[in-house]
Every structure is written in structure tokens, then in C-alpha cells.
């Protein structure tokens, strides 16, 4: 009894201490909530983590298509106890009906998270029990001569799974090729992207894109500008903000989380007057060596203008295509697109970083000019034409060729440098009333 | 030697203390996990295969080079201690030894042994 | 020191130093990310530790369980024993025997083993990729690492860390052997898998060897990793910055200031330099750092004579 | 003090034997390699007890790298490297039992009947220094020859395993362009 009391007291003290630190959150994010989750990452009360094993809270954010979300129940069960699920700005989840519903902005979410977390740390709220049934996926117990499911040297399903098979390799060795499904919810890849990768060692020998998660189409300033002429200033600030947010993501993936947080913070309330601060950030990014020494050393990852001729990816490869050139307001501003040459990973980094500065410059000079509104817009990822899927949707088709032969870390760098959007990673459902 | 005894004591004590801390953690939060809770994480889709496989390292050339240089390191330590005592002779002798080994590095570099095979 | 006093002493030093480095890390993180007005850095490491202590541990379905349990404890033990080999003040040391830098080097090479085992044991793809990265980085960096340390033994005519410090009475090794400290610091980043060399636990592997652990195991792993960083900083201070030598202040305080300085440099580099590609690490170690370290050995040797 | 040393000696000796035995009892290649390392570490401990501190510690230092390479190459080339399906690590039982028992008997006889020097290490002896002097003096030629041998090992290893040579793929023949023969 006395021992039990000591433990209870200890748990209370630990709980009180733990409350003053950030809540580790693993986020499963739909396309329309990606920016909201990024803003959540700016809050000190919360830390977005890369694996469910480090998280206390599973956050399911944004609107998905009907039916279960791929991998969600599995991830829920991979969170250590005490765990809690929060559903943010979306419908009740079919697989986790007990998830706490929160509607509203980041401030409201953080308040609710803090309250729930305090309760669960104090033991007032029970941790969620596992969702999936406690049964083996494959029958293996008691099977085979040793009762572990295996047979012979490499056969059978020891402990429930088979061993990988051999495959020939470019250097003549025939060693194991391990098929792995990575994603759809892993910090190392963009949200929703599921890749079926064949790994031999740390090298990728084959890539297939897995089934896509259904999400609701995000609506941003560029989509609205398809129908309504929109101030150039607003569009260009949005474009700069988009690229800064992309930069924040890729910086975190390359181990520069502090610089990533700075980029997010700048993007959060960006205005044309922030140009000097943005240039300081970009200079810090260049000095970090990430472009010259890291992504610049990747062999491969080149996207030619023939594959994607539009947007920063196309321009990084030397395509001069830019819908802004045809717009009168931009012509008045003497807009000339930044054009790269090589079309490799480093070129895409340089392209977007140059375009951030250019956009802020345009925004500062734009005055009251408006642009677009006639069914076609130069978005941050390239040309958007109303009622057509954007060009970025075709990026996924080239992914297998781009990634095959790369080391895993290089492949992750290349994937992130493409700035894949929901049209590439997911099945996009348009709001009812609109056609595809 | 007494010093190394202390080193051993420090090592064992730390390992044991950490082990005890983890044991206490398990007592505070008893570990009974269901099968799905134990599935390895790779983004939500359970793996089809065991991750343990005949892992193809791409730097086997470098690994073999390391074996040779590890041997060289053994000679360097006693050399460093008698360096001043023996004077110029020691410098020249070790330089010769190292230059011979450097040929191996240059050769490996020329054969692109340091890039991923 | 006798065995019991040694254990208590090292444990205290390790805990305090680990806490301070965690605070330094949080401070730099906030400064770099322009998060103004945050005052919680002193509480932050404690709060994170408390949360992890309340979290239940995790297992994968068929891990090498004993090895998985052992690896974090092994890393902590290695950090402690490496720290024990360094004198904190004149004649105040735990385990600086006649071959202190060999003991230290052995502990650091075993760090590679601990990280490899940690990643291998989970039987999960991300930790396993992390494990093999650590093996590649450790092997590429260990030769220049050892060479940089051996060079400091040349003027001392001894492998003992205490003797190396004493030999710097007139002039610190950082001046006498200008190539040594940079090589040492870069390779030290690899052995503490920190910042640009944060390869086994990298973000592109969703945490790498830590991707499957939670709770106390994760806490121990993080503390132990900082412990290794502290040991490496302390050795850098002893071998290149004259250890406890210095005017006015007492020796132990000098040692602390220098260690904290080097630890800050390494932690700072983690927030300012991107993580390297593993192939580049191998290339850097063999074709740049190794020749520089050899030049260091012979140049410093020629100057010493 | 000598009681503690005796205790440590037996502890190290026993761990060296037990971990050595475990090398053959485990199914996992990684475990086997690191059990072997543990055995070497225990031997390193005994060397330290014999006042050969440098040799003992350098053994521990080296074995970390060497046994990691051993583990990695065993994982790379052995089927079922983690031992998920049980298997046996011992083969050719009769031959190994005979040779093992033979070696044990010979060593035991040596231990029992050899006339060991009972001299303790003289105080003030510095084995590391003696080693260094020997390397640079009497054994200089051996030492430099070792360098050439290591170079031969390196070049041989690289020539055997390197896939992409200077002049393209090894499989394509790796001929210097100027030596390229006519025709396919």
C-alpha cells in the first residue's frame, strides 16, 4: 500500500512538471489543414514529432473523403500510453469515434489540447485503448517444427512475417531486396504520400506509388483568382508565403529545424516590408551548405521541362513558361521570370528562394493593380487552369524514374524538392457543386 | 590500474543505474502491448516483411580500407609516446609508413571506392 | 578517487552537464528561430524528461529485445566512462591512467557499436537504415579522430590526458597544432551523431534508431547522447585548450568554461549546418579529414622536435 | 587489493569463456559478432590486469571497429542473418570436437607444466614506451614491411571489390581508354 502511494505521488509530481513543456503531437493532415498544422508548429505549447512513438496526442486535421483513412488505426495504436486523439476541423472519424472534436483556429485548439493533456497527465482522463483487434495478421503460433511459423533456413513466416527475397543488383551482388511501404503518414515524406519502395541496403531499386488518400481540395487565394481579378500584392505575398512554408518543411527534413521555424514564423505574417528579414533567412540557408554541399551533390533528380514545363520546377529546368507574362498588370511591373538551367534538386531550391524575393519585390511595387480572373492563374506550383487538374499532378508519374538508384536520404531530398501538392499525393475531392 | 578500476566501476554503475531507471519506468507504466501496438512504424501501413535482411552496404570497399588503417593506428600510439625521445628518426620512419598507406587511399579514391557502389 | 566516490562524482557531473547542454540547445534553437520573449528554457528539459518518464515504453513485434534494452544503457555507460578519463583539475581525475586517450578512444568507438545495435535491434526499417549509417560514419571518422588525439600526445610524450594538459603549460595545442581542433570537432560531431552528422537518428528516417522507442528508453537515449557530446567537449578542452590551465580562476572552473564553450560550438553548428549526406561523410572522412590529420601529425611532429 | 584483482581476473576470465561459447549458441549474426567482441573485451580486461594497459585498451578500441565490420559482412552475406529461423552455428561436429579437445589439452598441459616466470612487472616500467622504442629501433624493418603488407591488402581488396573503376564499370573490363582494342 505504502509503495502504491509513493508511486501515485511520484506520478502526480511528474505530471505537474510535464505540463510546463511542449505536448508532442503526431499529425495526420488533410490537404486543407496543412497550413493550419504548420501554424500549430509555431506554438511553444506543441511540438510536431516525426513518429507516433514519440507523441502523446494524435491529431487528425482537416477534411478527408468518406470511409476509413489509410493507416490511421495502426498509427493510433502505435502511440505509447497515455495517448489521446483529437479531431480538428473535420467530421467524426469512423475508426476513432471517441476522438475529441475541436473546431476553430489554432488558439482554440491549443487551449483544448492543454486542458486535455493536463487531465490525462493527472490521470483524470483514461488513455485510449487500442483500436485494432489483438490478433496476428498471419497464423504463426504453433506452426512449424519450432512453433514460430518459420520453416527451413529462410522459409515460412517466422513470427508472422516472411523474410525478404534476393534480387540482382547493379554491382553484381545478389542480396536481399526489401519491399517496404513508407507513408502515408510519416514525417520523412509529404503528408498523404504512400510509396512502395524496394530497398537493397539503403539504395532504392524500385518505387511504386501506393493507393491515394482522398482529401478535400484546399481553396487558396490562387484558386479564387481563377474567377475574380485579385490584387497582385496579395497574390505575390501568398506566393512568397507558400515558398517559405515549403522551405520550412524541407529545412526540417535536412536537420535545420531552427531555421525551419524561422521560415514558418516569417511566413505566418508576411508582408512586402519583411524583405530584408527574408533575405537574412535565405542567406542563413545558403550558409548552412544545404544547397551546395547536400542537395547539390545528389546524382539524379533532374526533372526536364518536357516532363513539367510550368511553375518553379519548369523554370528551374530552363523553361520560360509563366502565366504572369501574359497578364497586363505584371507587364506594367516589367515582370521577368527567374529562369534556372540544370533542373536538378539544387536548382529547384535556388529557384524558389529567388522567387520568394522576387515576389516580395513585385508585391512592394504592385500598388493597387489586380491580375488574372479569367480562368487561368500562375500558382506557386505552376499554371492553374480552372476545371483542370494542375500540372503538378503528373509529377507522381515520374517519381519512380527519379528515385530509382538513389540512396534513401537522397530520395527523400528529391521528393521534398518537388513540392508535391494534394493533386499529386492524394485523390482530391472538390466541394459539392463543382465538377472535377 | 586503480584508475581503470574506477573506470570499470563508473561504466558498470551507469549501465546498472540506467537499467534500474528503465525497470522503474516499466513498473510505473506496466508494459502489456497488443499485437497491433507492436507493429513496426513506417507511416501507417504494416510491413509485409521482417526488416532484418541481407543488408547490402554500399561502402564495403571503405570497410576493407578501414581494417588496414585500424591496424596502422595501433602503431601510432606507442610511436607518439617515444616521438621526442627518438627524434628525427621516428618522424622519418612513421612518415615512410604513412606514405606507403596513403598510396592505398589514393588508389581507392581513383577507383571511386568512396562512393556508393 | 576510490570507486564509490568516482561513481557519484561522474554521475553528478554528467547529470548537471547534460542539463546545461540541453538548456544551451534550447536557447540557441529559440535565438535562431527568432522566437522572442520565451523564458521557459530552464524548465524545458525537465518538463520533457518528466513527460517521457510518464510514458509507457514500446516494443516492436519481434525485436532483439535484450540488445534493444541494453543499447541506451550502453551509450550512457560509454559517455560516463569517457568523461571519467578526463582530469577536471590538477590531479583530480577518476580514471586517467597512463593511456587515457586510448580509453577515451575505445569508449567512442564503442559508441558506434551501441548506436548500431540500437538501430539493428528494433527489426524495423528506419532504425535499421540509421544503424548502418552510423557504422559508415563511425568508420570514416574514427581514423582522423584518433590521429587528432594522437598528435596532442606528441609534445606530452605520454598517452595520459593529465600529461597532455601539463604539456600545454606554455602554449595551448590549439595554437601549436592549428589543424587538430577543427578535425577533432568535426569527427566529434560524428561520434555524438549531432548536427551535420546527425545521420543515424535523422529526420529523413523519422527519428532513425529512435523511431520505435518511447518513454524512459527515449529519455535515456537522449540524455546519453548529450552525455557523449559532453565527454567529447571535455576531451577537446583538455587536449587542445589546456584543460584546467588558466590564470586567476580555479582550475575546475576553467575546465568547465572551456567544455561549455566547445559544447556550445557543437550544438550551435547543429542549428546552422545542414545534415550531410552519408556518402559525403564517407568521402569527407577519407579524402579530406584523413590527409589533413596526417599533415597535422607530421607538421606538429616536426615543430615539436 | 590483490583480492580484488584476483576476483576481477576470474570475472574477466569467466566472461571471456562464456561469451566465447555464446558466439556459437546464438542464431543471430549480429549477436554472434558482438559476443565475440565481448569476449575480446574481457581479454582486454585481463591484459590491463597484467599491467599492459595500452594493449588491453587498444584491443577494446580495435575490436569495436573490427567486430562491427564482421557483423555487417555477416549480415550482408549470410542467409537469415538475424536468426529468425533457428539454425545451428556449429558444423563438422566430429572434427571440431577433436580439435577443440586437443587444443584444450595442450593448453592445459602448458598451463600446468610450463615454468612461468614469477617476476612481477618492475615498478616504473613503461610498456608503451618499450613498445615504441622497439618499433622504431629493432623491429623497424618488420614495421615498415607491415606497411607494405597493409598496402598490398588495401589494393588487393579494392581491386577485388570495387565495381566502378577509374575507366568505367569493372565488368566492362576497366581498360584504359588508350588501350581500348578495336571492335566490340
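What to note about this one:
First chain written, first letter: the chains are A, B, C and D, and each begins at residue 1.
To be clear about the criterion, a contact is a pair of C-beta atoms (placed from the backbone, for glycine too) under 8 Å apart; a residue touches a chain by one contact, two chains touch by 3 or more.
Only a predicted model underlies this, so the values are computations on that prediction, with no experimental measurement involved.
A count of contacting C-beta pairs for A-D and for B-D identifies B-D as the more extensively joined pair. In whole angstrom, the spacing between the mean C-alpha positions of chain A and chain D is 47. For the pair chain B and chain D, the distance between C-alpha centroids works out to 15 Å. Separating the CA-averaged centres of chain B and chain C is a span of 13 Å. Chain A and chain B have Cα centroids lying 34 Å from one another.
In chain C, the positions touching at least two other chains are 53-58, 61-62, 97, 99, 102-103, 120, 123, 125-126, 132, 135, 139, 142, 159, 206, 211-212, 215, 279.
Contact of a single residue of chain A with at least two other chains is seen at positions 11, 51, 53, 78, 81, 158-159, 161, 163, 171, 175, 178, 180, 182, 186, 201-202, 407. Counting partner chains per residue, chain D has residues 53-54, 58, 61, 65, 69, 72, 76-77, 79, 82, 84, 126, 128, 163 touching two or more of them.
Arrangement of the chains shown, judged by which pairs touch: all-to-all, with no pair of chains left without contact. Those residues of chain B lying in contact with chain D across their complex are 1, 4-5, 8, 50, 52-57, 60-61, 63-68, 70-75, 77-83, 85-86, 89-90, 93, 96-97, 100-101, 103-104, 107-108, 110-113, 115, 117. By the touch rule above, chain D contacts chain C in their complex via residues 28, 30-31, 34, 37, 53-54, 57-58, 60-61, 64-65, 67-69, 71-72, 82, 84, 126, 128. Those residues of chain D lying in contact with chain A across their complex are 76-77, 79-80, 84-87, 163, 171. Interface residues of chain A facing chain C in the complex, by the touch rule stated above, are 11, 13-15, 17-22, 24, 44, 49-51, 53-54, 56, 78, 80-82, 121, 158-161, 178, 180, 182, 186-188, 199, 201-202, 251-262, 265, 284, 287-290, 293-294, 297-298, 407-410, 412-413. On the chain D side of its complex with chain B, the touching residues are 4, 8, 45, 48-49, 51, 53-54, 58, 61-62, 65-66, 69, 72-73, 75-79, 81-82, 84, 126, 128-129, 131-133, 135-137, 140, 143-144, 146-148, 150-151, 153-155, 157-159, 161-166.
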